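Both complexes below contain chain A, partnered by chain B and then by chain C.
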Partner chain A sequence: MDEIKEQVVTLLTEALQIGPEEVTEGLTFGDVPQWDSLGHMMVMAALEEKYGAEISTETIAELVNYKAIYSYIEKQSNGL
Partner chain B sequence: MDEISHALDLGIGVDIITIKRFESLVPDEDQTFLDSIFTAQELNYCFSKGTPAEHLAARYAGKEAVIKALTSVKKVSVNYREIEIFNNNYGVPEVRFNKKGLEKLKTYLSLSHCEDKALAFVIIEVLDHE
Partner chain C sequence: MAYKKHTFPLPLIVPEYLIGEVKAKLAYVDENIVSGQVSEKGDAITLILRDELTSSQIGALESKATKVAEQIVKSAFKPRIQILEDHLDREVPCKVDPMEQLINTGEISKEAQGIYAIGPLLTRLIDYFDSQFTDLADSFGAAPYRFPTLIPASYLEKINYFRTFPHSLTFATHLREDLDLIQDFSEHASCDEHGIDVSMNSFSKIQAMLTPAVCYHLYFALADKPVPNDQLVATAVGNCCRYESSNLVSLDRMWNFTMREIIFVGSKEFVLENRETARKRMEDKFAQIGLAYRVETANDPFFIGEFKQAAFQTAFQLKFEILASLPFQNSTVAVGSYNYHQDFFGRNLKITLSNGKPAQTACVGFGLERMAYAFLAQYGVDVRTWPANMREAIS
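Moving on, here comes the complex of A and B:
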């Protein structure tokens, strides 16, 4: 598992309280009951804590699936 | 029905949430999450209560219901902190928007909870009919 994928899995399993087997690359907001609007804010808070940057309302609305979160973490890791 | 709805310019929103999801939240430890949803005044109010979770849950449901009602009357993007729920002098919950451009909206809010769920119902009336 690549490092960013590992971070995404850790983030989503901890924030949503789901098992790692539930985190697939196709996972999207609403696919599991825990990833509802409240769960989404828990994911966003976890992201903010990890990278120390406030996430805008617009970005919160965009980070609604595994791939978008993967890309966000990848950019943050590269200092973009 | 559409004509009546348009003439009155009303939006409605409802939300229900499980109180248990707020029970483990602790100020400081969960501050980033709490601050992303609630204003300082809301947090002070909720954590001054013996059972903060039900108050947090009710306010969260209220904000969700407001967003749904807003979406139905105006295409406007608001975040949770731009919606503040407070109790008026009679203990009745009211909504205040911390965002410009929403001054011409009249919001009616009702909150309720039972042992495990909190619920909110909102009606928004647009006062500046075009």
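Moving on, here comes the complex of A and C:
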């Protein structure tokens, strides 16, 4: 597992309180009951806390699936 | 009763965009708080307290109020407000709060905090605005419904209302079926300034509440079955109750108010397209009324623990509020909103489409007393200062 994938899995399992086996690359907002509106904001809060960058309302609306979160973390890790 | 003012510093800064939110929630912190304010800089709180309190009681209040501010600040994301319509610069003649004149002329009478009886002028104005909203509903071919003022407690639990808005709930109860108890009540019950002086044990377990919204009743009526023809437009007007503690100070914030709703149920495209069409049609109607207002992205007043959802609503543009100008205090009041719930009700209540997916819902809601209050704040209580078409409409 690459490092960023590991971070995404950790982030989603901790924020949504789901098992790692539920975090697939196709996982999208609403696919599991825990990823509802409140769950989504828990994910955003965890991202903000972990990477220190202020999450904008546009970002909240964009990061609605595994792939988008992966790209976001990748950019943050590269200091972009 | 002697009130005492108490100011204390906060260990954090409340950002400007959250000051109103923290202030509104301070009312729920403790029964000894009459009202609360957050300083302009967001670094201190001032509480107006009901009684002389001991220093340890004041310390406990400070701690609770600080916790509220901390929780809201911690769970908030800075919103980027999108403005969809801006007619706040529409010229209006009045800059006076109509409340004093309305009370002095007997046009409204305050029965208790947040509870008002309304006289003929306001009633005619409210009826006129409702006729405009009914016209809007008719333009969609909306089916008329009537819903009760009571709603089963289990309904509100099912849609998560207990968690999201517990502070605004209003409970309905009755005396327990017990002859001795009922006779005792009839002979001895009396009211003081705080309410009925009787043991809570006299009351039944709460089965019903006063409904906080009109559209919930429709979603429950549609529960556990497919939506006929995959789409529905309905309308209803009804009494709604939202308790707002010491924030209930004027016609712009009533415990018991009237709401007209137009409700869309169907696919995502169907409900979103109709929500947008409703907004555009209302833009013309508000121009005819002469209302100074703005429409912008907003969020519901979630309770502290669920405040995170506020940013979700803004980010996904789930709520657009119609903010009417209150020129006398250079502020606005929400007189209505255009709401999109995604598949929240469809999923929770098993309202389905023919493809097996949960139905999506949207609603357009107007607070009738607030509409009338905002209009009077902009045009005055004297009908001679109103636009000619409004004078004619009311006469």
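In this section, the second predicted complex is superposed on the first by the 80 of 80 C-alpha atoms of A that agree within 3 Å, B and C clash if a C-alpha of one lies under 4 Å from a C-alpha of the other, contacts with A are read in each partner's own complex, and residues count from 1 in each chain.
Keep this in mind: a contact is a pair of C-beta atoms (placed from the backbone, for glycine too) under 8 Å apart; a residue touches a chain by one contact, two chains touch by 3 or more.
The shown structure was predicted, so the numbers you read here are calculated from the model rather than taken from an experiment.
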item: Fit-or-clash call for chain B and chain C when the two complexes are aligned on chain A; value: clash
item: First, second, both or neither for A:Ser37, with chain B first and chain C second; value: both
item: Comparing the two partners chain B and chain C, which touches a greater set of residues in chain A; value: C
item: Touched partner set for A:Asn78, first chain B, second chain C, both or neither; value: neither
item: Single chain C stretch clashing with chain B - from 99-107, 117-125, 297-305 or 351-359; value: 297-305
item: Chain B and chain C footprints on chain A, overlapping residues; value: 37-38, 41-42, 44-45, 48, 57-58, 60-61
item: Contacting residues of chain A [partner chain B, same complex]; value: 37-38, 41-42, 44-45, 48-49, 57-58, 60-61
item: Partner chain C, residues of chain A touching it in the complex; value: 30, 37-38, 40-42, 44-45, 48, 54-58, 60-61
item: Chain C residues within the chain A interface of the complex; value: 75, 77-80, 306, 308-309, 311-317, 343-344
item: Footprint of chain A on chain B - complex, ascending; value: 17, 21, 30, 32-33, 36-37, 60, 64, 77-80
